[in-house]
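You will see two complexes here that share chain A, one where it goes with chain B and one where it goes with chain C.
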Partner chain A sequence: MIFQIILLIMLAYVVGFIYFGLYRNITARIQGRYGPTVYQSFYDSIKLFSKNNTVSYGWMFYLGPVIMATGAVLTLVLVPVFSDSDFLRSVTSQGNLFVLLYLMVLGPLGNALAVGTGGNPFGVMGVVRGLTRLIGLELPFYIAVVGLIIAANSSDIVHIIDVQKTAGLNIINHPLLFIGAMISMVGFFGASPFDIPGAPQEVYSGPRTEFSGKFLALLMSQGSLFAFAKLVLIVDLFLGGADSLVMLVLKTFTIFVAIIFIGIVYGRYKVEQAVDFLMKLPTLIAVLGLARIVWFG
Partner chain B sequence: MNSIFLLLNLLPILFLYQFGGALHVSLPLTSEFTLSLIQTPLGTFFAYLSLISFLLVTIAQKSKKLACNYYVLQFLLSMAMLAIVLAGDFITFFIGWEIMTWSSYFLISKSNSIDIKSLQKYILFSLASAFSLIAGIVIAYSFAHSFDFSVISNSFKDMPFNIKVALIVLFSLSFFTKAGVIGLHYWVVDTYSKAPNLFSSILSAVMSKMGIYGLFLVYGNIVGYQELKMMFGTILNGTDFGYVLAWIGVATSIIATFKAITQDEVKRLLAYSSIAQLGYIIAVIGFGTTYGVAGAMYHTLIHTIIKLLLFINVAAIVAQTGKNRFSQLGGLIYRTPVSFVMLLIGIIGLAGMPPLGGFASKFMMYNAAIDTKFALILIGMLFSGAASFLYCYKLVYGIYLGHPTSKNLETTKEVPISYLIPQIILALLLVLAGTFPGAFIKIINPILVEFSLSTIPYSGLGVMNSAVGSFNGFFIMSAFVVFFVLILLLITRIKSKAKNNLNRFDISYCGEVPTQDTSLHFGFGFGTDLYRIKFVNAILKRSSSSFYESLATQTKKTSELFSRMYYGNIHNTMIIILLFFSTLFFIGVN
Partner chain C sequence: MESGFYGSSLDGNLKCKFEESGLANTHEIMEKAVRWFRSRSIFVVAYGTGCGAIEMPPTFTSRYDAERMGVVGVATPRQADLIILSGYLAYKTLRRVIRTYEQMQKPRYIMTLGSCPINGGMYWDSYNTIKKLDDYLPIDVSVTGCMPRPEAVIDGFVLLQERIRNGEKAGWEKYDENFEFYKENQKRVLGGHIDPSYETDWYNLKSGGKA
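For the complex of A and B:
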């Protein structure tokens, strides 16, 4: 089990960073730049781990990124990665979808604590914007997840995957829920138009302003692990999971590219615009999908 | 003085433990009225909840030099609550209810910051609650010819339908007022925020739970969940009645959450948060299913722990610094580190994040909603939960993080140990509740049997079972600890020469250097974004006070009209009196 966990973390680390590199590369090409190489994020991460950090603000500043990374790793190991194998099945069966929904916010809490300790008002401004955005952002995703749980009558992810083997993929059976969840995912990945918390060039780099050296490296690494976990979760919920590594990469990459392409063509919403938007159309779409399951399913 | 009352508070706990569920005392007053105390599993649960809360608060009161009469009133209050939860008939229940009302009224009036208007609000709403309760009791008596719970429960089925509805509405209104359902919460926020700081924890954690106990008593024992289902019919997999109640609860929860975020006073935020959390309980209490009851019960327990912890923590900080607003506090983390950690544990529980106890109770409630297929209710609860992260963060940031807003905050010392002991106990309880959520199944199963509902399967201390999935709290907690320690070791192994930042102004600030006068604490900036969101703004700009104020004005005008009749002209008054009595006379003759 321990070996499998290490393997999974390494896989997520590599895949996550390559996807992040691709994200920077593709974005650059669309904007007519050459962009960094795909491996640039790797180099950055390794470089930052070996750099001195400029300042530290005491133990809570130190522990914040650690809490964040713990949340990401815990989320990662609780998401079933492969649909048919016993890979880490004994671990994933200990949790369920609700555990994951709430574990996903444990990491941001660690971040928020560290940012608050750092004492930079711009960082806190970013955190507060992020939390405000979350009010709208979680809504379509929650509706989609609740719909799937009611449809499968179980909050166990493995069971939701198994149901899709006989009844067909959820993306086809419940397309409205998928659309709702994808719009939320765009925000969860910090892509436009919901990228207000980080808001580069606007609030002086947002929550990560005060982090440097190994803290920044840890934040970057956990970000790639977390991104991978979220992609696998979407694949599990809507695309019936993946039975091999090739399928896993293929499916997660498809979702990832879709998110990039949605994000890149939009400008940035203000936080109130984002919440207003998310509460209207995406919520309506997801609620329609949910109503179909509850009343006609 | 404190230690005497500490022992005095310990006694009923030992007494209750000694009886072990077999307490049954009855005191016949006349041939018809009997005062009786019966220990049911439901009552025992609430009795321990309130008695232990009182004990912990009394420990925290050690550092305050309180007068003897304060302790006496507080002890009286705890005994009144014991009478309420152990009562076997409505007379005992009502006596306890009334003693609770006036003893808490005197305790609230002992605060320095209380004003007459808030006190009037409190007593008026308490009286309205009591009147509604006694109206229900009298109607029930006129049909059952007894005040005994079991007799009323047996004869409830034979009552006419409209009487049944009237009874349920009257009792519900009474208990809703105590729990602070939105619309009836007008007294809650002022009272909680202006009461003595440590007493607020009792108000929020224990006294509001008496309303919840009343609801359980009426829906579960007197009416019975089966009867509720038969009376009102079903929708999806739950009852119509539960569905309406659930919407009331969810609306309470959402509105109070947004109101909480925009508060500047710490205790007002906690008061609104208390309303919001009780909204969850009210949302699931009427489902009439095993998991609905279990979820409501579990959240009652967890909310009591959390609110005691948070209110004691805030009381300690207010006592230590003399400030009670987010815009006046800040930057206390390295001055009062233990308090900070306690508050952190409290807000993680409040936000409902694993691996602490707050998650287990929310999980139970969410599963109840899935079990009955009340999907929109569940969405509402999740939505309000997502919004509550904002006030949880405001609580920890506004007090402990960021920059100190005044000079004396930079020299504040850690709060006295008597404040910390109850907090540490409560935080441990919260951690244990998250690690061993299965232990709760053992407490809840006898209560479910009492309500004649099916029980929850028990499979080990760490496992929380429910209708649509289970999780292993012990595993998640240990995995969290293991990963946390490993990552911490990993990161400390990496050498770096960072020095602790001694000067708090040494931050990235757009190339400028902030000074003492620069406003760096973001505490007041929380929630300003919310006013620009249309949906939230619609909630925030409305308030129940306008309704109650116009009601007060109308009442005043009406009474002025009457007073003019009496004091205007002696002849008119005499004619009115004559007319009144002659009307009475004619009615009597006919």
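For the complex of A and C:
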């Protein structure tokens, strides 16, 4: 079991970092640049892990990235990776969607505690922006998930995948829920127009302002693990899971490219604009989808 | 004073452990690998002084695209490896630059643009401008010209990458070794008090805070 967990983390690390390399590369190509190599995120992470660290704000500051990484790894091990085999599904049966939804916000809250200890005003501003945005982001995503739970009559992800094998994919059966969840996923990935917490020209790097060296590397690594977990979750919930590694990469990459393309063409919302938008359009779409399930099945 | 890796790119303790267990060769290979990764990923904090600041946006954006070599701009000195000083430095600016440089985490490098940081340039007889920056902070790469074009700046990046790969002695190591010399020169032009003063014991603030 331990072996499978380690293998899963390594898989997510590699795939997540290559995806982020592709993210930078595709963004560069769209902007008319040559762009960095696909492996650039590996180089960055290894370099940061080998850097010196002389900043100290007490132990709570250092716990922040650790709590974030904990949230990411726990989310990762609870999401079933393959639909047909039990491989890499070591502790999945211990959790359900409710646990996952809770764990997805564990990281930001832990980070908020740490950044508060650092006392950097840009960090605190970034955290406040992030948590405000979270109010808007969670609403459509949670409504969509509740809709799926009602439709499948279970909060077990494996069961939701199994239902899709006979009844058809959720993306076709419940398109409104998918649209609501995807808009909020764009925000969960920190893509424009919801890249408010770390907005480069406004609050420098937001919550990451005061982190350097190994802790920045840890934040980057957990980001890639978490990104992979979220992509697999979306694939499981709406695209019926993946039965092989090729299908997994194909499906997650399709979702990822969609998010990149949405992110690259839009500018950045202000905080209140983002919450305003998320509470209106995506929430309305998700509520309509939920109503369709409740009243028409 | 900050403690850290002196003279070697990996931790000194780690090196000792490798040598004790007869794996000095492995350590060498690891060091080479780390140097290569460091050369391929350089985070830049662009400190725009003087006229050279105008050459940096084209270097980093679509036209010349420094990101293809792994050179990316970052927002804070905490995350940066390289600081680019893009022109003349007044005494007032030097104070801020020293502070920014000392906030950066080792290994850290300095690159200057133009002739002003080398010999004062057209400000050679100015009353408030630094004539030779190398006396106050250790410069790794000087890109000359008035002003250097983005191609020349990229040439400077390539030179810095080669130096990191070859493991040549970097500026921050010289700064650590000759700390008294640099501080003496800085005090001569800036007066007695330079931030950060290394008198506060940050780890024992409750016990009076004096080291």
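Assume the second predicted complex is superposed on the first by the 293 of 297 C-alpha atoms of A that agree within 3 Å, B and C clash if a C-alpha of one lies under 4 Å from a C-alpha of the other, contacts with A are read in each partner's own complex, and residues count from 1 in each chain.
By definition in this document, a contact is a pair of C-beta atoms (placed from the backbone, for glycine too) under 8 Å apart; a residue touches a chain by one contact, two chains touch by 3 or more.
Since we're looking at a predicted model, the values are computed, not measured.
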Touching partner for A:56 - first (chain B), second (chain C), both, neither: both
Chain A residues touched - chain C or chain B, whichever exceeds: B
Touched partner set for A:162, first chain B, second chain C, both or neither: neither
Partner chain(s) touched by A:211 [first = chain B, second = chain C, both, neither]: second
Partner chain in contact with A:36 - chain B first, chain C second, else both or neither: second
First (chain B), second (chain C), both or neither touched by A:73: first
First (chain B), second (chain C), both or neither touched by A:28: second
Partner chain(s) touched by A:272 [first = chain B, second = chain C, both, neither]: first
Doubly contacted chain A residues - partners chain C and chain B: 50-56, 122, 204, 209-210, 213
List of chain A residues in touch with chain B within their complex: 49-58, 60, 62-63, 65-67, 69-70, 73-74, 77, 91, 94-99, 101-103, 105-106, 109, 112-113, 116-122, 124-125, 127-129, 131-132, 134-136, 138-139, 142-143, 146-147, 149-150, 153-156, 204, 209-210, 213-214, 218, 270-272, 275-276, 279, 287, 290, 293-294
Contact set on chain B toward chain A in their complex: 236, 331, 333-334, 340, 344, 348, 351-354, 359, 362-363, 366-367, 370, 373, 375-376, 378-379, 382-383, 386-387, 389-390, 393, 396-397, 400-403, 468-472, 475-476, 479-480, 483-484, 487-488, 491, 494, 496-501, 504, 506-510, 520-522, 525-526, 529-530, 532-536
Of all residues in chain C, those that touch chain A in their complex: 2-5, 9-10, 34, 37-38, 40-41, 43, 61-62, 65, 67-68, 70, 72, 74-76, 78-79, 81, 105-107, 202-203
Chain A residues touching chain C - in the complex, by the definition given at the top: 24, 28, 31-36, 40, 43-44, 46-47, 50-56, 122, 200, 204-205, 208-213, 216
